[in-house]
Amino acid sequence: MSAEPVLFPRLVAAANRDWAAYIRHRFVLLLATGELPEACFRRYLVQDYLFLIHFARAWGLAIYKSDALGEMRRAQRLVAATLDVEIGLHIDYCRGWGLSEASMASEPEAPATIAYTRFVLDRGVAGDRLDLEVALAPCIVGYGMIAAERMRDPATRLEGNRYREWLEMYAGSDYQGLASEAAAALDEQFARRGGEGRFLTLAHIFAAAARLEADFWKMGMEARS
Amino acid sequence: MSAEPVLFPRLVAAANRDWAAYIRHRFVLLLATGELPEACFRRYLVQDYLFLIHFARAWGLAIYKSDALGEMRRAQRLVAATLDVEIGLHIDYCRGWGLSEASMASEPEAPATIAYTRFVLDRGVAGDRLDLEVALAPCIVGYGMIAAERMRDPATRLEGNRYREWLEMYAGSDYQGLASEAAAALDEQFARRGGEGRFLTLAHIFAAAARLEADFWKMGMEARS
Amino acid sequence: MSAEPVLFPRLVAAANRDWAAYIRHRFVLLLATGELPEACFRRYLVQDYLFLIHFARAWGLAIYKSDALGEMRRAQRLVAATLDVEIGLHIDYCRGWGLSEASMASEPEAPATIAYTRFVLDRGVAGDRLDLEVALAPCIVGYGMIAAERMRDPATRLEGNRYREWLEMYAGSDYQGLASEAAAALDEQFARRGGEGRFLTLAHIFAAAARLEADFWKMGMEARS
Amino acid sequence: MSAEPVLFPRLVAAANRDWAAYIRHRFVLLLATGELPEACFRRYLVQDYLFLIHFARAWGLAIYKSDALGEMRRAQRLVAATLDVEIGLHIDYCRGWGLSEASMASEPEAPATIAYTRFVLDRGVAGDRLDLEVALAPCIVGYGMIAAERMRDPATRLEGNRYREWLEMYAGSDYQGLASEAAAALDEQFARRGGEGRFLTLAHIFAAAARLEADFWKMGMEARS
């Protein structure tokens, strides 16, 4: 049994309204009630496929940035989770939505996709592995929180909801375990690489990443139907 | 006398409509006739200040990526041109528009600013110095082309134009010299680090950067007045 | 059936004496005849363990430097080959030589280990993925050539040779397949990212890496018995 | 008047014998008495020229790793100090020792030069700017301490000492100011990016860099006369 995470809730508290605007974005609320227009979801799916490629690059970078075998292996598992599992699931799932891998791969990246992915990679290269993991946390831990929160919300409707599978995947125990592990890793990194002096900068990175995630939902919402 | 640049025009030709949409963006056309709303220009100025910080970082990265003293010194001159001259001019110029340095530094980066700057830095870190210089070329060489083209356009009106100083700075011989040097450097880099095999990838980088520059103008246009 | 590699033999030919001094180093010849002092082999084993950590980091970097899923997956396989297989085999093998993992992990890196590993990583970060793979080739492809050449040499003695397992592992079909794949990848990278203009620089990187590998054997030879 | 540095003396205390072995290396003691063989000094000079190129690259990297204009400008000054002043002085000085720039530039890097420079760059890329500055401190601050300590040593002989100019340059107020500024910057970085949790890792980086500097002197001592 691992201890309750400490750094992650502090980052969430500091990000405050940016965090709420991300995890309770209209896109997410409509997805949970099943009212999200399909064109919006499709737009999101395609860009999320393009996003995952850079997400795998970020964990490859984390391997390079490791200085202990245990750290390397955790980053390696996340590369594998992305390239061997997530992208595969994504491709299967998207096929069900009429989107082929080739069509997704040939779609241009939206500005919101570029902004978020390259922001994360830049923090990761310019900073150390703690900076990188903090920039990734709104995604990896945030998706777990979003799905769990929606599952507890009485307004959420699973029956007949086209997006049920998405909610259940991120609320499921596999993904929740991954998210908890990522939150715990932040504490381990903060103990070894951090210190209060860094908190302000880390909080800025986290809040900026949360805003860029909210822009990602917004990009989905703006899909032409 | 230096030879006519070769790679740059090929990249422009390959980027085609993306290039035209960038260098003849409505923002630019209205700026040249003096009809651009001031709120749009102010928005652009503030974000361009934030942009310049990452532009200087990119040339710092180019110093690191150099393998010859001459290359390092050219990158060093561009860091100096940015930090010692451009940012200073920018601050002076913005003061004339009622914008203090402190207020600009505290402004959040727009998504369009993040997308373009971090895209350039990512290409620069993941690729080699040629990739980096190609990603920077739409900015450094493009601004020179934009100003020169507008100066030749009969629709341009300098008399009484609030933006005249901007046009004259980028159309002036100092900046035009800098832009020519940057275009010439692309050929030198392509000879040493390139080859036809790379052209397709370089053309993709260039076109993507041109689209992100067009988004930057769009962000200016969308300023609330 | 894959085509014969083209770039690798050209790099070997250009490295010439540096290459021969590496692949036919006295350490290797004595290992093949079984006459290498055990202290030398132990010294090598410990430093090779420390080397593998940076080798895995280099392939993590290659994931970050990829721009296609296929490229990422090949780099991912090499991270896995290193962290899941090679380091494990190494630890088992070293245990047979009386070396525990903890004792190896606490040993300081020799200057020769630092020089080679950080040279590779620096070429990889400052250059693109082709530079990185060329810097890695003397190790990954070279070890395969060394073992295969020694196996064909009548002076090699397997019977009663303490180092037989080492020779058989690198001459075995698993490792030879890995080495062939790495040589083939150089051609694929050279086609997409290269061109004759780069050959001279790549040849310098390759020759420098071969000299640093020879220094690595020398460091083994100089072990105090 | 700036405060006494705090982090630097702690790093020195933690590096202990590695530090003493570096700053009181036989090369340095013989240089101060004028007894160092000229071949050793020439060897050192040539490799130090090659070292400076990577030293400038490291400060270019620091520009990229900055997140405030003040930080960028300090790194920019150190690039300029290296490329505009130090390399120039070095070339002039070496000319007095019969070494042309062309001959130095064509000399292969010694393994000790590769090991130290690439170790610094790797710490700088994999870590953040604090890691980079700590890896550079044994050089930039250490040279100032070495020269100052030798100047206070009664065994040092300036009269008729061929190496007097070297001692006086590094003991002179210009260089001593640069070294003090670098030591002060460590405290500023540690306050913003550090915390006690990082001390152990930083101390390891510092001690490793000091050992690699000592290897650099050793490489000079081993020059064939």
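The first chain written gets the first letter, and so on, giving A, B, C and D; residue counts start at 1 in each chain.
The rule we apply is simple: a contact is a pair of C-beta atoms (placed from the backbone, for glycine too) under 8 Å apart; a residue touches a chain by one contact, two chains touch by 3 or more.
Just so we're clear, the structure is a prediction, and the values are computed from it rather than from any experiment.
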Comparison of A-C and A-B (more C-beta pairs in contact): A-C
Please name the chain that ends up farthest from chain D once chain centres are defined by their CA atoms averaged. A
Do the two copies chain B and chain C share over half of their interface residue numbers, or under half; same or different? same
If you average the CA atoms of chain A and of chain C, how many Å lie between those two points? 37
Using mean CA coordinates as chain centres, what's the chain B-chain C distance in Å? 43
Could you grab the centroid distance between chain A and chain B? Build each centroid from C-alpha atoms only and quote it in angstrom. 32
Shared interface positions of chain D, touching two or more other chains: 57, 64, 121, 125-126
State the interface residues of chain A toward chain D in the complex, per the touch definition above. 64-65, 67, 125-128, 131, 190-198, 201
Which positions of chain A touch chain B when the two form their complex? 57, 108-109, 111-112, 114-115, 118-119, 121-122, 125-126, 208, 211-212, 215
Flag every residue of chain D that touches chain B in the complex, lowest number first. 53, 56-64, 66, 69, 72-73, 75-76, 79-80, 83, 87, 121
